[in-house]
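In what comes next, subunit A is part of two complexes: it sits with subunit B in the first one and with subunit C in the second one.
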Partner chain A sequence: MAKFIIRRTLYMIPILLGIALITFLLFNMAGGDPAAQAAGKYATAERIEEIRTELGLDGPLYVQFGRHVQQMLTFDFGRSWATKQTISSMITSGIDASMSLTVPTLIITQIITIALALFIAFFRGTLFDKTSLIVCLALLSFSSLVYILYGQFSLAFNAGLFPISGWDPSWVGRWQYLILPILIGVMLSLGGSVLFYRTVFIDQLHQDYVRTARSKGLSDNVIMYKHILRNALIPIITVVVAQMPFVIVGSLLIEAFFQIPGLGGMTYQAINNADFPVIKAMTMIGAILYLVFQLVADILYAVVDPRVQVR
Partner chain B sequence: MYSSWRIFFHASIISAICLIFAGCTNSCSQKVSDTDSTLNVVLSANVKGLDPIYANDTYSNAVISNISETLLEYHYLKRPLELQPLLAESMPEVSDNGLTHTFKIKKGVKFHNNEAFENGIGRELKAQDFVYSWKRLADPRLQADGFWVFDGKIKGLNEWRDKVSAGEADYDTPIEGIEATDDYTLVIKLSKPYYQLHYVLAMGFTSPVAKEVVDKHGKEYLNHPVGTGPYKFANWVRNNKIELVKNENWHGQTYPTEGATGDEEAGLLADAGKTLPFNDKITFHEVTEAQPRWLNFMKGNYEYMGIPKDNFDSAIAEGDLTPEMKSKGVQLFKTPEPDVTYVAFNMKDPILGKNENLRKAIALAYDTKTSIEKFYNGQALPAQSPIPPSIDAYDPNFENPFKKFDVSKAKEFLEKAGFPEGKGAPVIEYSALTSSTARQMAEFFKQNMAAIGLQVKIDSVSWPQLQKKIKEAQAQMWGIAWLADYPDAENFLQLLYGPNKTPGPNGANFANSKFDELYKKAAILPPGPERTQLYQEMRDIFVNEMPWVPGVHRLGYYLRHGWIKNFKMHSIINNHFKYLRVDAKKRAELKAKL
Partner chain C sequence: MKATTMNAVNVASNPQLEQGRSLWYDAYLRIKKDKVAVISFFTICFYLVLTLLSSLGVIFDNYGVVDNSLTYLPPSWDHWFGTDLFGRDVLARAVHGTKTSLVVGFAGTGIAMAIGTVLGACSGYFGGKVDDLIVWFYTTIDTIPYILLVVAFSFVLGPSLLTLCLAIGLTAWVRHCRIVRAEYIKHRDLDYVQGAAALGASHARRIFLHILPNVFHLVLINFSLGFVGAVKSEVILSFLGLGVEPGTPSWGVMINDAKQELFRGVWWNLAAATLFMFFLVLAFNLFTDALRDALDPKLKNK
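Moving on, here comes the complex of A and B:
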């Protein structure tokens, strides 16, 4: 196991270098000119050159790339070009808000969707199952904006059940602002997740071990919970782990609409401002999280299913 | 055994219901205080930082203008705008040649208390603080956004900047053009006449900061601002809200006793002579999306706001408030914005730059009236030239002959341009931002041009990409706008001054020797009829060449609740918060009904 982890960690290095190269190339090809951008509306050629030097954009590309890699590896991204704030402080202040939204959303979504999917799978083929399928498909078809706009308008503004938007940095105060965004976050993934898990569970229901269990006279409940759920853990882990990077980097639209000062909104603004240091930091964090959680998933597969061996 | 997964399922449903009730108990019972006079202001973008030298956006400026102050400020009520002293004791003494400006600094003005000062007590503001702060503005290592206000205009400042770059000078090196001759006298010497100096001395960039505080926080000063203003920085939840509290040691000011025509009738002089500021606290809410801004305003959580495009029809009908809005006690404030929108032609472009008739054909084919209906809810004035209303040299009776929507005349000019019915005309690229409104505007432009046989290709770009294209003179034609930094036509005409060509503000790369000559001549003239005459001659050259298709001058529409008093807006005045008064009792009463 240790050998596996070390090897997989080492594999990450070339992948991260590749990501560093791609972000660097994309930025240089598709981004604007940050020096001209920083020089503002009264730019002069002289000022632009000064800023280019100050930002370290005047050297040859390979030198710039070297610095880019160095920053990415040392996690020293300096200050944002657009806001002049330190990127580390921007990330620390954003990560807390983002995770306060995404972690409960993920947990609640998983609990509800797994429970619902098991329930629906249990009644497979019935009218209830078919109706549920249609409802799930309908839920899936709405754009996320519909949930946000409608939720905010009807539940917060009209019904007055929640504050319209806002944030309180204290742990106790923030929840009143988080409940509606979390509910909407859960609704957003409900349809898709229930459909997926239902398929997974139904697939398991057709397995030989279910037939064996039934022939032993086990009750449906025991079969569903003890056998099917456990066997379906691998796809569940895959889904949950795939979502983990998003849990940390936040949810752009929900954050923007509910005034939650998270990382999603910060990244979006950075893209709009060609704020390369922030984009670089967020890309790198996203990439590392993705790779780390893939590794975690592989390890978890082995934990939940003894047939899987990590080598 | 009762099935665990059922328990699981039920538990999750119950928790969801509990969550809803938890939300309700917290938010439904919010009581409105009738003594809290907090002014709640909504900003439609996030604030970047609170260091005056980087305050190049409206939002950061709005906050900074309460914390820091400038030598001069605009009179809150008078129109056209008029400057008055703020940190200066009086208006400056100006030498006959216009090159030396001597300011007397108000005595007894104190910085906010801060631990950076001895015993934590804010010390008195001195003329030397301006010298230090303006050196900071010019320091090449800080790359201030506001250096342009002094760039090339103050004796010795650019030389100092170059020496600092070379490591040959520091903050102790004197600058000939900025000198504190004693603690309360500041002498500014210009390298050439610069009649806009007084205007820029009312801009946030030139606010004094205390060296002790900057030394303590270094680059982090932008999160720890200390000034002399009516409000002190209290707290910032980044990307969410900023809170300021009243500065009890403020040097003080009273509400103006005179205003513009109609101000008295509008109740704007009811508080005349009363001590400012009126409110104990200001909270700036940073809300980037229009819907939460609008819904919060409608619940009375913000005192006033500009109307989001999508909510315009629900608030305004035929230029006035809808009855529903009136019944809620909402009031409307309209003001012409000192701005111009335009479609610029790149004059370096071999097709558009060389063909005056083609540019005129395009201008004639553009249906400004319909565009105002479609994109500005009918609330904008067609622009005849770059100079907007409320700025000197604006003539309401002036009509640009190429701004009359006339398809047949446009076709005539297209023929003169060498492309009868558009035959042989190359496809022109129009760069537009990716936002839905910008795209719709570009599509509308494309349709207008198709009507005379011109083909337009839309190039969708991000703001950084558009800026890059313009600054590298790679764009052919693009839509853009300019909002005045100060109320002088020069601020618009400099967009067409030859030496300001790309990467400078003259993105169109317009170069006309006569225009440039007049510009230089006007630059050394004080405001007055002679200068206005020159500005109008420059406008005529513009019309003759049409390097842009002028679009519109926008009208600002603001909604405010009945409990906010003394409300008068102008985009150039950014320190208006101290004049606003929240009637807390009325707010409690009216808000309960919303």
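Moving on, here comes the complex of A and C:
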């Protein structure tokens, strides 16, 4: 097992280098002259040169790339062009706001969709199943912007059930601002998640152990909730772990609309201001988190399922 | 099996039986039986015709007519979906927005399919170092958050319709590439490929003329899936200010405009864009589902 974990970790190194290379190509080379952009529209040539030295853009390419890799590994991404704060401090201050939105959203979504999918799988092949399938696909056919806009407009603005947007840094006061965003977050992933779990459960229904359980005379309910749910744990774990990077970096659109001062909202501001260092930092952090949780998923997979070959 | 006792006349009169029917003909028969799929198909065709006619200027050629005295008129007989800030007919703008979405959908997904198919085919067929390199490349791309990658591409290339297609095309190929690679690994050592090799067929010939037709149904399914993703990405990118050039009709721009308009009671811009997008995307979603059931041999008879 230890060998497996070490091998799997070593495999991350070339991918990390790849991430560094692609973000470097996109942000440092192709994205215009970063020094000129940082200096603003009315900067003199001397000022641009100064900034170039400041940002370390005057060295040869391999030195620049080395600095880029160093930034990625030490999580020290310099300062934002727009707010002039260090990006690492912006990230630490935004992380709790993001997670108080995404963690409840993830938990509620999983519980609701697993329950719904079990229910639908129970009636597989019937008209109810087919209708649910179409409803799920219909839910997926709206743009996420429409859910957010319409939710905010009808429930907060028109009905006045929730505040339209805003934030309270205290742990008690923030929930009144979070209920509607969480509700919308659940709606956004409802259709896709139910479809996914329905397929998982129906796949399980075709397995031999279900036939054995049936022939033993077990009731449908026992088979559903005891046998199938337990065997479906592996895909559920995989889904939840795969969602973790997004739990940490927050939801770009929802945070932007509800002015939640999390990492998603921060990224949205950065895109609006063409704040390259912040976009670059979030891109790299997102990639690294994805990689790390992929590793966690693989290890969990090997722990949970003894059939997974540990080589 | 009953089929063994059946004579030729019976087979001909009973189309339900699968007697040496090609995958494509079989899929056609399956889809034809599926009412939802047929309706979806004709919905997509309707959008295509609408785009063709509006591009040629036959219908809704008033989409650019600005009349500031008509600002934000609510829906009426003259303007079914009202007018926007500049007094332009919202219905006409939604119809013309179809073109933007279809172009982004077809071109963006087309690029993604081309990259994914070629890379996946080479990776799976050749194996070894080529495979390692391509797998490393797509794993890296897959690791980077999709929307930020698209945003970065859009920044580099500057906002335009072409950028949208390229940004989506250059990022959305990974899933497809993985699937194609797995298929080529299965196919490369099969007898028919070895037969082709024995007859002196070159690698390129084996990859594209012999194996590709056998995995092409996957390209079709993934195209349909990718199309939906591309149309949705266009809306998000337009919201982020990285969409089409200002003035080009697009659903994303209309939904983006709605975020201020809604609070002034102007809901028709959002309604028109949402409805137009909804029916197109739903039709594609339902059609993809039917296509997958009809073409994926693993799901057959389930």
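As a working rule, the second predicted complex is superposed on the first by the 298 of 311 C-alpha atoms of A that agree within 3 Å, B and C clash if a C-alpha of one lies under 4 Å from a C-alpha of the other, contacts with A are read in each partner's own complex, and residues count from 1 in each chain.
Heads up, the rule we're going with is that contacts are C-beta pairs under 8 Å (C-beta built on N, C-alpha and C of every residue); 3 or more make two chains touch, one makes a residue touch a chain.
Bear in mind the structure is a predicted one, so any value in this text is a computation, not a measurement.
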**OP:** Have a look at subunit B and subunit C on subunit A after the superposition and call it: clash or fit.
**Re:** clash
Original post:
Can A:291 be said to touch subunit B (first), subunit C (second), both, or neither?
Top reply: second
**OP:** Identify the partner contact of A:66: answer first if only subunit B is touched, second if only subunit C is, both if each is, neither if none is.
**Re:** neither
**OP:** May I ask you to decide whether A:141 touches subunit B, subunit C, both, or neither, giving the answer as first, second, both or neither?
**Re:** second
Original post:
Between subunit B (first) and subunit C (second), which, if any, makes contact with A:149: first, second, both or neither?
Top reply: both
**OP:** Using the superposition on chain A described above, determine whether A:229 touches subunit B (first), subunit C (second), both, or neither.
**Re:** first
**OP:** Pick one for A:93: touches subunit B only (first), subunit C only (second), both, or neither.
**Re:** first
Original post:
Counting only touches as set out at the top, which of subunit B and subunit C does A:157 meet: first, second, both, neither?
Top reply: both
**OP:** On the superposed three-chain arrangement, identify whether subunit B or subunit C touches more subunit A residues.
**Re:** B
Original post:
Do subunit B and subunit C touch any of the same residues on subunit A, and if so, which?
Top reply: 30-32, 149, 153, 157, 257, 271-272, 274
**OP:** Provide the residue numbers of subunit C that touch subunit A in the complex, in ascending order.
**Re:** 36, 136-137, 139-141, 143-145, 147-149, 151-153, 155-156, 228, 232, 235-236, 239-242, 251, 255-256, 258-259, 262-263, 267, 270, 274, 277-278, 281-282, 285-286, 289, 302
**OP:** Going by the contact rule at the top, pick out the subunit B residues touching subunit A in the complex.
**Re:** 1, 3-6, 8-9, 11-13, 15-16, 19-20, 22-24, 26-28, 30, 46, 48-49, 51, 54, 56, 140-141, 143, 145, 147-148, 151, 165, 219-220, 222-223, 237-241, 285-289, 291-292, 295-296, 298-299, 301, 462-468, 471-472, 503-505
Subject >> Interface residues, subunit A side, partner subunit B - complex >> reply: 30-34, 36-45, 47-48, 50-51, 54, 79, 82-86, 90, 93-94, 108, 111-112, 114-116, 118-119, 149, 152-153, 156-157, 160-167, 169, 175-176, 179-180, 182-183, 186, 221-222, 224-225, 229, 256-261, 265-266, 269, 271-274
Subject >> Complex interface listing, subunit A residues touching subunit C >> reply: 14-15, 18-19, 21-23, 26-27, 30-32, 133-134, 137-138, 140-146, 149-150, 153, 157, 206, 245, 249, 252-253, 257, 267-268, 271-272, 274, 276, 279, 282-283, 286-287, 290-291, 294
